[in-house]
Every structure is written in C-alpha cells, then in structure tokens.
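Same chain, two partners: chain A is paired with chain B first, then with chain C.
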Partner chain A sequence: MSDSTPHGSHVPAEGPAVGQDEWVARHAEQRFMPGGPLGALEDRIRRVPWWAWLILFLAAASTLPVFEHSGYVRYVAFSTVLYMLLALGLNVVVGWGGLLDLGYVAFYGIGAYAYAMLDSDKFGIHLPTIVSVPLVVAIGAIGGFLLGLPSRRLTGDYLAIVTLFFLQLFQTITTNGDAAFGHNLTGGPNGILNVDPFHLGKHDLVVQHEGIFAVSYFYVALAVFAVVFVALRFVNQSRTGRAWRSQREDPLAAEAMGMPVNWLKLLSFSFGAAVAALTGTLFAAQSASVFPLTFYFVLLIIVYTMVILGGSGSQAGVVAGAVIVSPLLELLRDPGKSRVIFFLALVGGLLLMSRRSRALGIVAIVTLAFGFAVHEILGAIDKSWIAGEHQGGFAGVTDHWVVAPAHMARWIAPTSYIGLIAAVLLVTMVRGRLRLALLVPTVYLTAFVWENVMLAKPEPARYIVLGVILIALMILRPNGLLGERRVEIV
Partner chain B sequence: MAILDINGVSLSFGGLKVVDGLDLHVNEGEIVSVIGPNGAGKTTLFNLITGIYRPDEGDITLDDQSIVGLQPHVISQRGVSRTFQTLRLFLNMSVKENVMAAAYGHTRAGVFRSMLRTPGMRREEREIERLAQERLAFFGKRLMGYRWDQPAYSLSYANRRRLEIARATATNPRILLLDEPAAGMNPSETHEITELIGELRTEGGYTILVIEHDMHVVEGISDRVVALDHGVKIAEGSFDAVATNAKVVEAYLGLQTAATK
Partner chain C sequence: MDTFLQLTVDALTLGSVYALIALGYTLVYGVLKLLNFAHGDVFMVGSFIGFGVLQLLGGTSKPVVPVWLLLVLMVLAAMVGCAVLGVVIERFAYRPLRDAPRIAPLISALGVSFFLANSMQLLFGATPRNYNIFDLANASLYTKGFNVGNVHVALLRIITVVAAFVLMVLLWFLVNRTRTGKAMRATSYDREAAAMMGIDIDKVIVFTFVLGSALAGAGGVLQSLRVPTTVAIGFVVGLKGFTAAVIGGIGSIPGAMAGGLILGFAESFSQGYISTKWSDLIVFSILIAFMIFRPQGLLGRADIRKV
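Presenting the complex of A and B:
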C-alpha cells in the first residue's frame, strides 16, 4: 500500500496510544460515567458483587419487624415478599425466555389451590408441609410444561392470547368446580376455607400471634425468596440460561447453533410456573383460604407492572419493582398519604424537568401564584367554593391553594375530569410559549381533579396513579429502573 | 471422501422452483465456494442443509447418514454450523456469552445441576469459557480483552461478522457454512477475511462451504467453485474454469452483454 501523505512517510513519532475501535469504546464509557467523586462512587457501586447486594438486602429486610410492631405493616412486608417471588418467576418467562405469558397468575392460583386441597379439611388430607410444598411445586412445573406444549410454536400476540385464555380457563374451572361431575372439588366462588398453616409434625407455624400477624411467615417467605433468587441466578448463568436468552434474541440463530428452542421454551414456562406455584403455597398457608378471584387480571397487571418498571430481565430490577409498587399501592389506599405522594410527585416532576429548561421553573412559580390567586378570587365571590375540607398530609398548604367546593355539584367531577384529559392532549399538541402558558392551568386542574375527584374514590385512583408512573418511567427509562440498555432486533 | 453429499435436491415455494435437482458434494478438508447472481438459490441451499427447509425431493447426507427431516439443532449437533448473510447475533448478550451459548449442543449440565452448581457443572462451565476465549482469540486482538463483556450490539459491523464466525465454530462443527463472510467489508477487511478462511481450514481443521460475491475472495480461497443460477448448477470446477464459463458469464452479465464482449 502506498503512503497517503504527500511528502513520503511522515508518521508522528508517537502514534495513537490506542486503536480507533478502542478509542470509540473508551469514549462511550466516559460518556456513561460521570467524572469526579460521584463517578468514582458509581464505579465502586458497580463493582459490588450481586451476592453482597442480596445479603445486604436480606439483612435490611429482616430487621424490619424489629422496628415495626404493627401487624398491618408486617403483613404488607410479607405480601411484598410474595410479589418479589412472583416477579422473579415472571422474569424467567418474560425477561429471559422472551415469552409474553398472560396466564402467569393462574399458576399462582394452581399452587394455592393445590396446597389448599392437600392441606385442609376439604378432602380431609393434611400432608406435612415438607411433602406438600415440593409436590405443589412439581404440579406447577408440570402445569407450566403442559400449557407450553400447545403454545411452544406460538410467539408474541398469539402466545399472549392463548395464555390469557388459560387464565380464563382457570377462573372458569375454579368458579364452577363446586359441581364438577357431581363432586365439589374447588368450592366454587366460596373457595376453600380453613387451609392449614405450614406445619411439621404437631407444630404449626401460626399465622396470628395474640391477634396480630405473626412475623414467622415473613421470615419463611424471605428465606424462600433468597433460595429462589440464588437458584434462578445460577440457572441464568448456566448453559440453560444462556440458551434461554439466545432464543429470546433470535430463535432461528439459536436453533442453528444447536439449541433446542421448543424445549427451552417449555423449560422456561415450567420454571416460571413452579416459582408461581411455590408462592401460591405461601399465600394459601398464610391466608388460610383461597378464592378464584384473587388470581385474576388485577394481580396479573400488578406483577407485570413490577417486572416492567424494575427492568425485565434483571433480577435485582424486578425485585426493586416489587419493593416499590407493592407498598406504594398500600400507601395510596390512605387519602392523606396518597396526597403527600401526589404532591411530592408533582413538585418533583416539575423540578426535574426545570433542570432541563429554566422556563419550566418559571411555570412552577407561576402555577403556585395562579393557584393562590384563583383560590382567593373564588373565595371572595362565594365562600362555599373553598369551604371543602380534606384531612391528611399537606392539607394545611393545599387548603389555601386548591379550590375545594363544600358541595360538589353533580356536573363538576365529570367535567373537570374530561377537561383535564382535553387539557393534557392540548398541551402535547401545541409548541413553544403556548405550551408553557397552557401548562399552568393544566397543572392546577390536575391538582383540582386529584383533590376533589380522585381522593373521593381511592380505589380506582391508585391504579390511575400507577398507570401515570408507568407512562412517565417508560418515557424516562424505557428499560426499567435497573434494566440493561437493550436494542430491538428487527 | 465426501463429508457432505447433496443428491438431486429440489425445493419449490409455490410454483417457483428455488432449487432444482441439485447435486453437490464437499470433501473432507475442502473449501468449496458457491457463487451465483441474486436469487440463484444459494442461501436456500444453506437453509436446506441446516434443516430450516425440508427438500421436496432428493437426499442430503452427512458422513453417509441422511440428515433430511432432522431438526436444525440436531443437524448442528451432528457437526454442521453456519453464519448468516444478514447477521443474526444475540445482540443483547455479551460477546463472550454469544460464543458460550453455542456450546449448548455438546455440553451436558442440566438445570438441577446448574441450580446446585455441582463441581462437575462448574468444571464444564470453565471449559465452555476456555472454549469461548480460544475461539475469540482466533481473531487476534479484534475480539479480545475489554470487548468480551460488552454487549454484541456495541461491536462494529466487521467485528459482528467475525463474532458470527467465532460463534459458529463454538458448536465444534466439522463443516462450516459461511454465508457471504465478506459482505459489506472494506478492501483491507476483505483481505483479512480471505486469509482467515484459509486459517480456519489449516488451524481449525474445518471443511468449509462458502457463499461469496467478492470474486477476489472466491479466487483466493476456493479449491472448487460451484455456480448456481435459478436453482440449477450451471458450472463446477476450478475458479478459472468457472469464471470463464460462458453460462456463468451469461448468468451474471446477461446474454446481450456476453455476446458483445
């Protein structure tokens, strides 16, 4: 090859220290890593091995009952651990297997029902826990395998429909199982009652101790979680785990590289189902009863929310998703606490965005002034417009800011709600100064709807809040909180 | 001795005969190139050999055993591996994992042993890792060091092609099917690939069947060249014989041009 420089070879004495590819890679790394002490800290955190995080998390979680004596809080902690387990199981199917399984909670139900049938007065069987739980896990695994058999050639939407049908089938069978060929198998809508707690020999693991939730179930669930977490992690780091993820990325290439794709899909279904069934035994033993409607769409959506929010494919991510969503849903039940969450989120959101543009900071201040002004003006016109009262966090501040009529006329709720949707749509459609100007009344209207419409009905409101959080997160971090950056394969 | 033998294989998609009564054999240690214009049926031929399509007629044997009707992963485990013309890497997995995943067919640790991390499983895991390092080291410094733990999507185009070859060799194949290994590469990379294919035979000991459009590459590597057009074999022999064959020139350039030349 001839030299491209005009005056012969005049290569600088010190050539580039690194090759071009390497330079690009290093540059990319620098961009991701902030410099200074913060960057050093982040680098340190990244180097902490996964098991250290797990031990830290378990240690922190197990001290919770020491500080918190309320049976309610302990129960919420217990159910959070169940959600963590469910999210871990779903992560195998969705995150690693890449299979959109909408029948997942049916296996949770199968586990709970199977345990209830094997350990209750229903059929008079009382197997020791050490026998019944492994049996139920096996039933779940086989169930997952059987659901996988007809679905193994399906992908994407088609698989979703078939598995969703399976969930409906589970519902139909358990709801009508009180008259299956003349036998009462499932107790129908009334479910199965008086399910045994976990027991070994003559010793019961009691659910309630002096009328409040006994913390032993929390520890049992935490131990099960630790075992499942480690076991799944080990599988993921084996040839099976690599093959799962390979067929998720490209089934044809995986097949051509010697991986039996159909078998791997069945295996992934089976693993997810087994974890769900195991979680079901914990649920049934603790709640002492099972009903069909526990295992339905709402639960399915909640578990999916946790997996997506945390970062599908990352174990730590889906656990974080469960730890965030499960207590959040509980907090949102209480209007006072949900008001705190709402206004913190509103202010936090505006602050975060104002970091990007100063104009938004101004919008926040104007909105604040706008609110006080509207409140004063309406109050001057008619006292009853601001006479409405709300209790709970921040009420002192919001009472002077948000208009709250003493008597909600029938038309106010739907009008303001529809008006809010229209305002949000309008804001997304216009640009520039007009958008900023429109933001002021829109934010205020949001607060109005929240105070006067949503708080009156906390049950749907908390799911709406969950939906809004999901939308916001999907815009900010499409791969979830702890999810790895992913590229789409076309 | 023929390691791969294709006898009178035909395949139609509806009324279109994509491969028509094709005979082809590849001997142990040979490098055979398949050339032909677009739509000649070259990639279809690879899909037939690897079991993605099943031939309507004819037989394909590997070491005198028919592999027709076997599932692709079984054929891969018997010793046929391939790369793809349109790269099909496991993009969201690390470079090393891409290669390690391909060891699935010749490793044995089951899920329960993996869950318990038994000594045997861990030993096998170390072997897989060593195999991956060895296969990646085949490309010199290109896929070494810090790149191992980076996701495959972060690789440049040329490195992705190299990684595909490394992955294909990790299945421990006897015969390697390379589908346009030099496509989209610049002249110096093309030159490198030409040398590499030679090394794959001499150092790796693979028998190679390669589809290639770049005639410099074909000339540089082939023991024998097979030309396809409309699913029919129109010429076979040494590069010089095939390249000057009237039918091949016609297939590439059209009858008019061939006549005026």
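Presenting the complex of A and C:
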C-alpha cells in the first residue's frame, strides 16, 4: 500500500515522475518488483485504491456489534477507534511534520477537559454538541499553535523537552486546578463528573443501553474516524502536505526553496492537536467524566508505539498499529489470555523463523525437549519446584514444560528477570552456533519468567511488552509494518 | 529572613542533586547529541540500589558498619550499578541507532525509560521506599550540624551538598585534566575529526555513559536520603534534570551545575513564597523564557551551522 511518500507509487516504465530522483525511483522499483504468482497477487493488492480499503475496513468494523454482544468487547472496540484517531493525529506531527511532540496527549486531555467544562454541571453550561465540539477543536488547534510558538526556532530535541514539560504542566494544572486563585476550575484529582453525552436538541446519545455499553458511540467514533482519515489524506496530498514532507526531509533545503518552514511546523502541530482535542470530546462524552491521570506518560507511550509499529508517515500503517496494539493491551490484562498469546507468539515466531533456516527448526525442537527434561529433573529433585498453580492452558502441555515453583522465594523473580535480560542481550552479541545454542535456554527462561513473574503482575508486564516492542522496532524495523523504507541519498 | 535562609539551604540541597542529574544529560548530549530520556530512570534505579545496600547492611536501626562507611558504600554501589546499567543501555539501545535519523534514538530512549520504570515495578512493586535515615545513629544526621541565626542546617544536608560538589570537582578534573577527558572534549567538538585523529569513539561514548550514569546513581542515593523513592520518580526527575541542563546551556559542564542550582533556587523559592503546587509552572516559564531569549542557555555556545 503506497502512502504518504511519492516514491512509493508504482513507477511507470518510461521513467520517474517529474520531481523524482531517478536513482531513488529505480531502487524503489526494484523493491516492488513482483515475482511469481504471489508477486502478481501482491501487485494486484497494491493497485486497490485507498478508498476501497477504507470502505472495506469501515464495513468490517461496523458489523462487529452485530456479532459481538458483550458490552466489554464493544467498549474495547470503541476505545480502539479512539486510539486510531489519536494515532492519525500524531502521525501528522511525527510522520509528516517530522517533529517529536511529546505533549501530544495533553491536547487529548485539553479536548476532554474543555468539553467537560462546556457540557456539564460543573459551571452549569450545557452547550449543544454541534457548538461545543467545533469550539473544542478550535481550542485544541490554537493550543497546539501556542505551544509550537516558543519552540518553533528550536530543533527536535528542544522541542521534545518543551512538549514533554508541557505534558507535565497539564498534569499539574489539572490536579491542582481545584484551588486556582480560590476557584475550583478542574475538580483536581477528582476530575469532572457528570459530563453530558452528545446531544442534539432534546435527544441525548445514550452512553449505556440497559446497563451495557451503547453501541451508538462506536458508530459515532467510526464516522468521525472516517471523516478525519479522508480529510487528513487530502491535506497530505495537497500543497501543504508536500511542503510538510519536504521540510521533514531537509528543513534547510525547504527553506532555501522559499517554504515557510516555521509556519509549516506550527501548522502540523495545530492539525495534530485539533485531532487529539476532537478525540478528547468523544472520550469525555462517552465516559461522562475526566480525570487528570488518564492523560499521562503511559498513554503517550501507547500512542507512540502504535504509530511506530504501524509505520509513521503511513495513514493505513498507524491505523493498523492502533488495531493491533489496543486489543493486545486489553488481552494482556488477563493472565489466562496473555498466556495463550505468549505461547502462540513463541511457537509462531519459532515456526516462522524455522522456515527461513533449518537450524532454527532444530533449536525449536531442542527447546521443547530441554523444557520437558528440565521439568522432569527438577520435579525428581523436589516436588515443590513444579507444584506451582496452573490455570491449565493448552490442555496441560505447558504444565509439563514450564517449571513453576509452588511458592516464589523473594530472590527468584529478580534473578530470573535480570538473568533473562542478560541472556537476551548476550544472544544478540554472539554469532553462529553459539547463538543457536544460547537460544535454547533463553527461550526457556523467557517462558519461565513470563509464567512465574510477569503473569503475576499484568499491569507492569503489559507495559514492559510495550517498551520492548518500541526499542526492538526502532532497532530492527524503524519504518514499521507499513511505513516506507526511505532510500537515502548520501 | 529566617524563611529566606531556610529556603536557601533547601535550594542548595535540591539544586546540587539536580546538577548531578543535569551533568549526566549534558555529558551524553555533548558527545552523542542525544537526549537520553532514560537518564531519570537510571537515577531511580540508583536510589533503589542504595536502598538494597542499606537493607543488606542491616538497615538503619542496627547497621553492621559505621555510619560514614554505610553512606559511602551506598553511594558507591549505586554509582557502580548505574554505570553498568548505562553502558548496557548505550550498547543495546543507542549504538545500533547511531547513524539513524535523529528521531529514532529519541524514541528508543523513551522505550528504555518506560521499560526500566515498569521492570522495577514488576520486580519491586510500586510502594515507596523510605531509607528512614532519621533512625540512623540516634537521628544524629538530623540533629547535628550548625545554626545560622535561627535556621538549623542539618548534617544530612551538608553531606548531600558536599558529596555532590566533590563529585562535580572530580568530574571537572576528569574532563579537563586527563587524556580520556581530552578525547571526550574532542569527540564532543567534532566526532568525525576526532575519529580521524585516532580517538576510539566507541570507548569515549562508553566512558561518557559510565560517568553520567554514575553521577545519576549518586544523585539517586543522595536525594533518597531525604525523600522516599518510588519506581515512578524517574519521569519528573529526568524532566527537571534536563531542564537544568538546557537552562545552563546543554553540552556545557559548568552550565549544568549552574542550571541545577538555578532550578533548585527557582523551585525552592517559588514553593516557599508563592505556592507549593505551582512551582512546576514557574520552572516551566523559566524554561520557555530561556528557549525564547537565550536558546543556547546560560553558558552554552550558540550553535553556528555551516551549510
């Protein structure tokens, strides 16, 4: 799927398009050269226009509530759409503008808080939704512009720190805003409660229907998503979008060409902030309350992981990132499900890799045998080593494979966890047979740590997974799943 | 007047710890041009190492070694532990990205920060750890010291400030008077040219991370002598340290010390005279003011770009 950058499009036989470097085009073509029947299929898929994909996706997403009646699942679907919107907005700043905005979720918070102030009993204001939402979006856009102003002269790193501090400041203001100059503005740590749902005239868009999540918000969010997606797509293909990309690649050259670089940066900041604020209104209206701690570092990392995983710069990519990460985080909350996910990922990963090299296939088999052996030996020495509690996944197969002590002595968790980190780092350092040999105990140790240490505390564990994904992605595949690999001319 | 003196004492203690963190940022930034977001979390790990050593040596109620040795061992252990951690982070999260676009190591650093904070929570839980220094040797660290007017300057604060300044002097000596320091300065000035002159860049960078992380570890212990530590402090501490580095002029070692002290004074005085809740806002305003009027910081060089 070619997105954001012009070199991604299929290069016609007569040569690159105007304004495209010939060398870059040739290399891009080589990468996309289809081969064999699979290649032909890939080529066919690649030619499907973006709007067809969008309609397909929306159609598939909108049938979800038909099959799924659980309020929880519907709610997760709704929050996934919110994440998709957030990722789209961040993509404008990071992917197209090339600016590291670490205060992004503060604008999400500003949107939510602004809506909550304009539509709740807090100040007794109840604006109609059609007035308040555009107003909030404008507030977000102006806020983004103002934050960008002092930082516009500054390069990436300074911008990162100013925006990160801004996020911290947003926290301070919302948490302490219950006593600002003698007025209670933000409700402090207790937040603002009883926020109105979206309403048109006298009709409320109900949040709950017979006690479970009402699906209407899911459809509203999906509609907003479609509008934002298309609008941003057009912006990206416009003069402004091209200017963004050019200043991202080389601000100096762009400036020399007469582009207003600072203005462009501010504009991309504003766009991102406006999308975040819009998403914030959806959040506030649905959850009927806002609290300061919702909009903090954790959320920032989650949205960044989505954008980076999907491939920053590609709209389809960041949406895919959100669709993967959001449900993943939900599944990892539950130990039973996260065990299944872990073993599926482990087996899947080994299978995938063993297709590429036979040695890894052998490693997989040896690991399996190693596990059973370790389990039997330790069990023979002392029964309490394997008497740990099992919820019995995979028909008890893992019960006979992974060692689980009946009670975890205090030293086991830190030792095994730090040992695992050391083992993983060691595996990346050595080469050849030694690496394969080391892989066996490392994989086993991973399973041990996951079963005994991580599953006991899902909250930090799922964020650790996120952090690992982020670091590994930056090193192994910085362009993400669907992002463009940049062909750099040195 | 008493309030003023008390706040000045507070500011000096706070500021010297900020300066230690800011030095770590500034060193790494000087050599790698990288904002090491994980630095605050290295500080946090240091404070936990200090706590671990304290528990190993019998805790504050009945320590098995003399008090001074206990403090020295805690700081040393944290420095060594953090230095190792810093080297590992550099080797595995930053080195592979050295030639990547500027934004890549920044995001990797965010990932490391998040990973460290959550790993510590996984292993040690989210409950605050209090060193309970008050119990040590019949509270002598609090009761001893000297008086200025009506203001009591506790021994603990003197130890914190003196230790921080000793470390800074040591660092100054290392950077300005040794061969390795010379190599560091050369690398910071122009990495490629330094490499051509036969300086082993990898070694210099590793050494930089050793220095910076060790200072963060010491800072972590010094800070936690007075304030309980949790696994979540890394974020705010890192933010403050970096702000101090920027105010002082990032890349400049005396600048980081000055910036740390300025930040300490700003925070302490705004807490004392204005409001404890809004000191973040004031610090942020100072940061913004510097960004607008003096982006190169107090003692930094203006960045002249040759095209």
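FYI, the second predicted complex is superposed on the first by the 440 of 490 C-alpha atoms of A that agree within 3 Å, B and C clash if a C-alpha of one lies under 4 Å from a C-alpha of the other, contacts with A are read in each partner's own complex, and residues count from 1 in each chain.
Definition applied: contacts are C-beta pairs under 8 Å (C-beta built on N, C-alpha and C of every residue); 3 or more make two chains touch, one makes a residue touch a chain.
Every value quoted in this text rests on a predicted model; they were computed, and no experiment measured them.
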On the A-aligned overlay, A:172 touches which partner chain: chain B = first, chain C = second, or both, or neither? second
| said: Taking the superposition on A as described, I'd like to know which of chain B and chain C A:359 touches: first, second, both or neither. | reply: neither
Between chain B and chain C, the one with more contact residues on chain A is chain C
Under the stated touch criterion, which partner chain does A:331 make contact with: chain B (first), chain C (second), both, or neither? neither
After superposition on the shared chain, which partner residues are touched by A:267: those of chain B (first), chain C (second), both, or neither? first
By the touch definition at the top of the document, which applies to A:252: first (chain B), second (chain C), both, or neither? both
So in the superposed three-chain picture, is A:238 touching just chain B, just chain C, both, or none of them (first/second/both/neither)? first
Dual-contact residues of chain A (chain B, chain C) 252
Interface with chain A, chain B side, in the complex: residues 50, 52, 71-73, 76-77, 81-82, 84, 88-93, 97, 100-107, 109-111, 114-117, 121, 124-125, 128, 146-147, 150-151, 153-154, 156, 159, 167-168, 170-171
Chain B partner, complex, touching residues on chain A are 21-22, 25, 28, 231, 234-235, 237-243, 245-246, 249-250, 252-261, 267, 271, 484-487, 489
Residue positions on chain A within touch of chain C in the complex are 94, 98, 100, 102, 150-151, 153-154, 156-158, 160-162, 164-166, 168-169, 172-173, 176, 179, 252, 297, 301, 304, 308, 413-414, 417, 425, 428, 453-454, 457, 459-461, 463-464, 466-471, 474-475, 478
Note: in the complex, chain C contacts chain A through residues 29, 33, 35, 88, 91-93, 96-97, 100-108, 110-112, 114-115, 118-119, 121-124, 235-236, 239, 242-243, 246, 277-278, 280-281, 284, 287-288, 291-292, 295, 307
